[in-house]
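Each chain carries a letter (A, B, C, D, E and F) given by its place in the written order, and its residues are counted from 1.
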């Protein structure tokens, strides 16, 4: 039975995540370190059965100068500068097959679909390793990889990759760097919000059912994975909750939302047991820029599905037209 | 644990389905009846966010002259006659959103995505009713709707719709009627095989993990739905097995395979518990035309996923080029 | 864990269902239309192994003049006019075997056990089709069959059948038409409440753990089928909630309860996850006639089981004695 | 997926249970001991809402002279000697409510429905304790109560109760002691087979989906409870398999079947995971008297349900008419 | 999702269990009756592979003078009087193997590990029967054995065994009877709390995630076994809730906590669905002696695991040093 | 239902794993590389509540010179050289708490309990990172970390750690290096078998229900994790089966068994769905040294539990006495 907050309390719910003192410094330092590596974007034409789109296999330097993969898809006929969208992937998946995810390019965007380091063996295929390894014991999945220290935490590397992907997109000739947006669902939504706060040149963001939001509450109320990974870990490492919770402050979508200023579209599924609605509202309600929210009352973690994407395309058309 | 036939017996397995005396007459009569209704294909331009493709909302007369919906997607720039592909949908789904399933048109085909009568509320959206109702008691789903008589069985109506969809595709100006194929997965695969046997002008077929195949065995070995619907029904209607099994003979993919002569591509997942591998092999091994089989040893009912589609596109390019 | 309303709030809970303007007109029109068909009750003696009871296979005209089946069971020795009880069946089942459900006739009632159109292949056998078919896409089961319009909704047909079954019972020589009641559990309880509001000559009603009650809340709080069918449908047809919810107003037991005036017995299981207790209380608390409630604190959807039936028999003896 | 023996091997399967040397002596001694207690059948009229039947609350001395409860139901009008049927109950249940199980008396039999010691809190209510307690550690349920020694095993007591119930039935004035039968499903079927072998005056037996049959195989092939209770016990008491298996020999329906000579009706569900079909066939194929088998190909442990009962009534009518 | 009381309400939650009039008299009488049997502690050296510990197989007279088994483990080199700890076992288990549970003796305690009558076939092995049998129908497990009367309830016997085990421990030469404590988790925790209230010479107690606490709430809020056994029973025996709830008052840890005066350590897992946190807090908050509570925010019914044991050893060292 | 090989075929089953050409060279090279790092064993006394045992927190250089943690436990009174046993841990766990796993030292062995790199957050706590990271995409868990190349595969690192742990044990003053054995269950059993083949000075091995054995069959027949990780991975990376299967040849317990010559004790649970019995028999039947097998017919993956350990202690006493 439904057991998150009553629907009428969601609209005002601000979440339980605090904003740690060193948040900005930590990310400045992290990005500065990454930017010591030249971006080094390389585009290889990708063979495909597609006629209406052209696709490239892209690599660029992410966190630690490690090579991150992505697909770039654009309309086959496109020449002039296009609005750009970088898409981030949900938990466990990768950038998938070259023939999948044709929507954004078919809709006229230069679509950079970033791969996820060390994932990509769950529901869609990836090709990018996470070379850094674990800094301590960890459970299955990446939620607890290096979680005892914000410097070693997996998501430090992944969010840095996301910021660099935005730079990579903006660096392309085909792309109008003043009209670039980040989109993604679940983990991809969290990454999009991180990019919204951290990537200077971004113009808009769409985050569907974002994950990694209001983590102190998330880890309490839901039994579902991947949030459950944290609980499983802390059930065994009983002495570490404080330490782990301190790390998580630096990666919570709520804290990125507090810092972002660009127009944003969110979506939430009121039956979502993976990223429970209150946690999504926490990110939305704290978002510091202009914002809209798609509420799907009968949906779970699938949210609006294709309808989120179509709404996002419309939203971006509107917002980016102003740039 | 794995409990279908050992892998080395699959290659020679011919299935347990018999070929009933009146099969051909039944289908001739059924199609003749349907063809009394003019096809009456209507194309309405569909609004979309897509730039590289054009989409129409199509309706035509299916079984009983009832209006069947479909999407037609073609490359935006296409003018001359294109190879055509009609796609049928898996159990429970419908033709989906206008922005989904962009692969075939992006790959250069005129892509008619037929809706499924009275389904379309499961994993993808539909818009076509099944006006005929049930001819007796039935369980949830459509597997037992009218199953006591081949004339009232749900799949009589649906397979007739499929044949008429092929006609509809071939009737289009943009389409080269001599280069048309049917594709589909699971229920859609069964429909594609039915069309391969029944629709005269079809040139090729691709059936991924086809459903409704070797039904006497299927209903015995798997506990999974939708085959389980038949078992549930017969567990309550204990006096009807013979009658029901007689009906099913007229709709078994094995019997369509025995009659088809056009080149065919199949796929099978060796871990498939929904359409167990032996049942797929039964259809494949009985297929009377040139044929190829993609074997996915570690996959379940998802089969090859996008890789089945890409392989099918390659297969169709090759086969249709000869026409 | 338990997550419906706290027990002390149930007694006062009035539900969330509104009473739509056209409710009475809709049902008057619906019944008037049905009554254009003569009832045409036909009784065929049913062969059975029973000695203490006589059984007939009954048919009569329900919604649309379609033939509805039922069993009529009476004490073998009965001659004079008997009190009559019409029983409606729970979701998925049918009237069952002639040798089942012997309680009511053994207890001295003329017992008309109405079959359920297009169900009867789940936990008990039926024999009545739902000839009208679907008016659009639908999920498995009947909860979403025609649900976008109150005129095409499945339950319009079924509730009309229920009213006509009362008429059929009252038309029998063996029956004292001034002492007739409707009983049923779950879906059967909803039908009994509909009959209590719509069938003029009924004298009492017993509704165990009634289904289809307080639907706006039911669809929110429980994950269990069959209420879940509505959520599954709306999760795919994201644009239809308002339309669907409007339809449901005309079929909600709360709205029938508001109109019924005859004595009623309800039961509720406080651990019921199929028809959660708050939804049953909503029907009970809105019931406009004299009423009693059996509360089973440790039971789920089975409610009081045979004890509900025995209590209902006692209740009917008391109430009908006054007629 | 289905993983018991292939259907064509079931007909010849004789099981894996051996016939221990002291079987007959053990049961002679057990029954002799029980018969030292006078049967002392007491009938108290039971209040009920039923008009066509009369019911008594019966007690008699079972194993150890402990008082065993039962319901006796007969047609209200019956006077002369009736054919008698004693019914035994499935695992976990008891004799139920006075208003349940009306079939046999309604069909003209004197119906003694025996309660099950120390069960009766699962799916139907009982009223009889198992005063003897456990002779060692045991798991939940009764399958391992006293299982290390045939003298202390729970089923020694229960099967003795069953034999005494037959005596109790035959002792009644209303009953024609030369036309008495035992019936039951699952555990009740095993008890009926035990009674068929051990109760001298019985004339026929009907055992639906009998439990406790071919125990060495049963405990190997199925994961379902209650057979699983034995496996759970032996997984912890790793040194006791031999001892436990020796005890079980004395309670296996296969060994009772080898000794029974009266006409018997069996039923089997080919999808039964609780009492897998091979174990039922083992009892049937070893049955030493005239026998018939109802095979339900699409049913699980529910077997033929009411159709088993109706078939049994017809079978008994035929068989007992000869007496 | 989490659905027990909000964490901030737990600290003040006093539970819903009332304190029945005859509680003290009932237990005085029960223990007096047991003490009519001499304790008769017998120690047999137990063969083992252990070098650092010596182990004896202990028996003593428990409830009804029935022989209860236990292991006694002490450091091999110990001679002088040791602090003693009696440990009680969780639901379904027994005293286990001689080579298990080496912590307490390795830490320098004389460790009496008491077996549990009639259990010991679940997750660990036992060797003690529950000779008294059931006083009525019961479900699987022991929660409903004799539950309709406090005199016949299973836990009357088990708690009496626990008190006598304390006496047995204190009677040993190797043990300093003024420094004895009781420990246990779950059911063992309930037993430890009962011993704390009932066994006069005990000096301290440690109860991890205690079971059988605040039973009126426990049976309402959780779906998990073994509390669920009570609900299953009452769902069938619908007329007995009052009677059963009266019995349970005499065995609720809340009522023992109200009477205990010795120092106590509790633990609670905030994600515990077996003994939900509110029920543990009810026992803790009512505890009448000096007390400490270990709160494990991310743990379920495993609580602190070994960390509970190590904390308890430290706690006992501190507390017993004062004696 | 049981669906591995029939029991009578297990005794002769040799498995499906082939022995790749470069196996010996690969491991020689791997170990040689590791041995370039000095072992550098460091012992820190570990604080504990234990009196009968002394414990040290041990670190040494494993694969890549990374620091591996372990506990060393010995009898408190021990001085002279003790027989040594190194224990490896099952999947997901770590070396646990200092107060756990007291059996081996209490039984007189010097017990080195090695931690598992990058695990230790599942069912028991660890403290050792896996610094090397992933060499490509991977699923949750470690089964697919670096699996596309034997040089990058996770188990190359872990098995090397195991060999170095043996060296570390043998290097200790308290240990008689001529009487050292390796033990472990599941993953720990696979590691013990690897050590038996690769660590020159080892004298005996005990492998309970060993994992990572007959991998080509394991990945086919069971649905259970962790073998399922491989299937999940290959279901997404459909092009990699050959490559992955080649890697796995170098880590299969069958191939280590073929090379080991020291006396070995195995155990197998015939109901084991995690490491199905046929896969364990494949390792056992190929084992090239003297060997014994404990068969637990009613156990799953828990095998003999403590009885495996006690049997192993007896086995080692016997075998090591000869050294």
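Heads up, the rule we're going with is that a residue touches a chain if its C-beta (ideal position, glycine included) is under 8 Å from a C-beta of that chain, and two chains touch if they have at least 3 such contacts.
Nothing here was measured: the structure is a model prediction, and the numbers come from that model.
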- Note on the structure: For chain B and chain F, the touch-path distance in steps comes out at 1
- Contact-graph distance - origin chain A, target chain F: 1
- Message: Quick check for the class: compute each chain's Cα centroid; which one is farthest from the centroid of chain F?
- Response: C
- Query: Looking at C-D and A-C, which one has the bigger number of contacting C-beta pairs?
  - Reply: C-D
- Computing the C-alpha centre of each chain, which chain sits at the greatest distance from chain A? D
- Query: So how far apart, in whole Å, are chain B and chain D when each is placed at the average of its C-alpha atoms?
  - Reply: 50
- Item | Inter-centroid spacing, chain F versus chain C (mean Cα positions, whole Å) | 63
- Just give me the whole-number Å value for how far the CA centre of chain B lies from that of chain C. 39
- Check each residue of chain E and list the ones that touch at least two other chains. 3, 307
- Query: With chains as vertices joined when they touch, what's the shape: line, ring, star, complete or other?
  - Reply: other
- Task: Give every touching pair of chains, nothing left out.
- Result: A-B, A-C, A-E, A-F, B-C, B-D, B-F, C-D, C-E, D-E, D-F, E-F
- Hey, which residues of chain D end up touching chain F in the complex? 3-4, 219-223, 231, 234-235, 238, 241, 273, 276
- Residue ranges of chain F in contact with chain D within the complex: 1-3, 271, 296-300, 302, 304, 307
- Per the touch rule, the chain E residues reaching chain D in their complex are 92, 94, 118-141, 144, 232-233, 236-237
- Note on the structure: Per the touch rule, the chain F residues reaching chain E in their complex are 49-53, 75-77, 96-97, 99-100, 102-103, 105-108, 306-307, 309-310, 313-314, 317
